[in-house]
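In what comes next, chain A is part of two complexes: it sits with chain B in the first one and with chain C in the second one.
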Partner chain A sequence: MPPTAFTPSIPSRPVYPGLVSRGATPALMLADAEGALALADLAASDPAVMDRAHLIYIPAGSDHGARLQALRPAQFHQAPSFATALPRLRKALADAHMGTVLYLAGTEGLIGQGLAEALAAGLPADAIQSEHRGSIARRMQCVHCKGVTEDVTTDPFTCSHCGLTLFVRDHYSRRLAAFQGVCVDAEAPGDIPETQEIRP
Partner chain B sequence: MTARLLRVAKITPLSPLVTRFRFECPEGGTLPLFSGGAHVVVEMPDGGLLRRNAYSLISDPMDGSGYEIAVRREDAGRGGSRFMHSRVAEGDTLRIGAPVNLFSLDLRARKHVLIAGGIGITPFLAQLRQLIRLQLPFELHYAARSRAEAAGLALLPDLPQVHAHISDEGNRMDLGAILAGQPLGTHVYTCGPEGLIDAVAETATRLGWPRGALHSEAFLSPPPGAAFQVRLARSGKTITVAPHQSLLEALEEAQVDAPWLCRGGACGQCETVVLSCKGRIEHHDHFLTDAEKASQTRIMPCVSRFQGEDLTLDR
Partner chain C sequence: MTIRFNDETFRDDYTFHNSPEAVRRFPFPFDHDSYMYSVNIEPHRRGQAGSVFQHRFDVDEHYIAEMRDREITLKDDPLRCQSLPHMELAGWDFLELVMTCKAEDYPDLFSLTRDGDRWHWINRPLGIDQRFTFLDATTLPCGPMEYITRQTQGDHALLDQREGNLWMDAGMITSQADWSLDFDIGMNFFEWHAPVPKAAEMGVFQRALKFLLNLQQGAPVRRLNWTMTVNPRLDTSPENYHKWGPEKRTLTPETVGAKQYLRVELQTLWRLPRSNAVAFPIRCYLCALEDIVTVPKWGRRLHRVLRDLPEELATYKGFSVNRPMIVDYLSKFDDGAPTSPGIFPDP
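Right after this comes the complex of A and B.
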């Protein structure tokens, strides 16, 4: 599965330029599902990138764990979800020094949340790289109840917290690592457009 | 440029070569406050010549009772520092521009590492006051050849974060040791000779630091060179730039309106369009990109010169 090509949109919509090795510097790597393939490609372009890498992988239904381990990162950890990977990510960021590079690969929800954690820990934005692979499902925040619905693949969708029918916008919050969902039938209740699959 | 006449309130020698000047309002009022890293342009009427040199402010940014600068005498220089050292006395008045900051602290940083070489300590003296007032984490490294030459030592606070590296005492600055192991969110600021700025950039890059965390200010004065002629299309004049004069100074002498701010090739304010160029522009600024320099379509008159047959500017 190649890197995802997204349709150009508004400036707030994140873009993921792809991973480029910065060599054998201390590195944190965070990937979910098909994001493993981006890390495999990175290691193929420069095997030294794994020498000082701490790799955290969330399979999310895929089975690339063994393949990543075979790339021989300095540390490898597999976690069942982002929430369970978070304590380790936070500890690694707290112990990191200037010169550390963060490689993020996989879905938008993972990249966005990893980026927000790293920026909050003080890692400079120009030390963070990202590459999108796999599902284009979005992490959406309901602007009305503020609840976050994960893995949204249709537009409109139903807020998993308050039940409103929400329109999927490209308007994105880096702090929340979520796109904004706005009530689609506020002016004419019940007048809901036909549900469509989200496109890249 | 808003300049005002200020009185030289006090002159204090700090080392054999470096002297501190304190300026105050002649009427006793307060001056605008500034931020650490700011500089002022001092106007020096030297015979028929009006010299304008930029100096970092070294006094407390939150103290409007006066501005202080430290001037190192450069006997081989163009004459500005010699003028300050030999012709200025307490009680004199000089025209001083409003503070401008092209080397401010990045307050998003989690920690600030300041690296000074020689007289490059000056902007950090004001930044230190600001960092201490804001209670921000910092460390300062000050490199000098000898204790006698280290004019800044007497002005530095006695704090554990302040480190002096005196090379003739066998205590040279080790940039690798300073930059390795800094916490996430650290920014590094360098002021001093080009060699030091390049060495910090090189060491930081080798250690994987991103460029956005690196800041620097070189104290660049207009380099001398061969005299050259310039045609000015808009004002219809042809001027000659003398060997120890900058193009900007020649424009001012010819009463041609030319904007400026830092007079040191950093800010970009004096950027001027080149209409035709038969020869080679000697770009000395830090503002234009390499591609812009190569295209020879822009020049920074404050520091850059020209060699060749014809240079025509849109002035």
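Right after this comes the complex of A and C.
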């Protein structure tokens, strides 16, 4: 599965330029699902990138763990979810030395949350790289109840917290690592447009 | 000049109203008969007596009622007021700016006495008498930005300047034209303007940012922005959109003149001295169409502007669905006569 090509959008919508090896420097790598393939391509372009890498992988239903391990990163950890990876990620960010590079790969939710954690920990923006692979599902915040619904693939969708029907905006908050969802039938309750699959 | 403050509401029974004087001084935003985005920034100079530009922070007949409405909104949703940790100094800067301006411009309403860092602030309309130590937040009932913006009409954002950009890192936002501080806090200038159609491709934001990064102390600037709101509602937030949205569909040809408001924002921008942040007050004025048309020039011009506005802008400003009814109503006040330049009523 190649890197995702997104339609050009508004300036708050993130872009994911792709991973480029900075060589055998200390590195943190965080990937979910098909993001593993971006790390595999990265290692293929420069095997030394794994020499000092701490790789955290969330399979999310896929099965690329063994393949990543075979790339021989300095440290490897497989976590069942982002929530379970978070304490380890935070520790690694807190322990990171000057010059550490963060490679993020996979879904927008994973990249966005990893980026927010890294920026909050004080990692400079130019030390963070990202590449989108796999599902184009979005992490959405309901502007009304503030609840986050993960893995949204349709527009509109139902808020998993308050139950309002929300339309999917491209407006994106890096702090929240989420797109904004707004009630689609606020002016005419019950008047809900046909559900469509989100496109890249 | 003593102000008679209105007892009025901006929700539920909507008893908000403008006196004839308030209508005359309404900051009508169109200086000619059509509208498109521009970097319409000018020095925030003192304007003529009685106008909303006379004083640096305009206080009018809606002051007490607006502050009461803000209190209701904040009780319901405290996230409308947020300040990232590095913005407290900017909050003090802004508190100083507002207190000194108001005490100088409205000595009968406000007073500020300073003895070193021991300050004494009196706000007569709101019945506040506060002694505190400047730059010591423990001596105020809340943070400095929240404290002063609970006493100052308009929304207020504090923008941090770094990396050649402005960052929306603090704000008191309870009367917004449909944007969320809680969502936008921490964004840079381009990110928070991202949803605005057309303007980015016109280069408006690049030029505006370049200008604002060079804003100087003591040389504030202003611009007018506008939208349309059904009912005199200050809290047109996205958070509550599902609550106020249905009101937009209640207009009829009989009620459009009374219930459809032109909503104007007098936006000013101020460089702050200690933090180097930019204060961005967004002052909201509301005027019903039936009051607008009492000024013949405004009735004619508003009809032409709204009739000819690109559909994209009407959609973005959220009145596309009501535009035909609005234009039809206003057409009765447009006899086709030419209009004079500038925003002010003809003498």
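The definition used in the following text is that the second predicted complex is superposed on the first by the 200 of 200 C-alpha atoms of A that agree within 3 Å, B and C clash if a C-alpha of one lies under 4 Å from a C-alpha of the other, contacts with A are read in each partner's own complex, and residues count from 1 in each chain.
Convention: a contact is a pair of C-beta atoms (placed from the backbone, for glycine too) under 8 Å apart; a residue touches a chain by one contact, two chains touch by 3 or more.
Not measured: the values here are computed from a predicted model.
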| item | value |
| --- | --- |
| Chain A as common anchor, with chain B and chain C clashing or fitting | fit |
| First, second, both or neither for A:Ala66, with chain B first and chain C second | neither |
| First (chain B), second (chain C), both or neither touched by A:Ile10 | second |
| Touched partner set for A:Arg22, first chain B, second chain C, both or neither | first |
| Vertex chain A angle, Cα centres of chain C and chain B, expressed to the nearest 10 degrees | 60 |
| Partner touching more residues of chain A, whether chain B or chain C | C |
| Which superposed partner A:Thr100 touches (first chain B, second chain C, both, neither) | first |
| Which of chain B and chain C A:Val182 touches, first, second, both or neither | second |
| First, second, both or neither for A:Gln141, with chain B first and chain C second | second |
| Per-pair minimum CA distance [chain C against chain B, superposed on A] in Å | 7 |
| Doubly contacted residues of chain A, that is, touched by chain B and again by chain C | none |
| Complex interface listing, chain B residues touching chain A | 110, 179-186, 207-213 |
| Residues of chain A defined as touching chain B within the complex | 22-23, 25-26, 93, 96-101, 121-127 |
| Residue numbers on chain A that touch chain C, as the complex places them | 10-13, 141, 143-144, 146, 164, 169-176, 180, 182-183, 186-189 |
| Residues of chain C touching chain A in the complex | 79, 180, 182-187, 190-195, 200, 238-242, 245-246, 248-249, 321 |
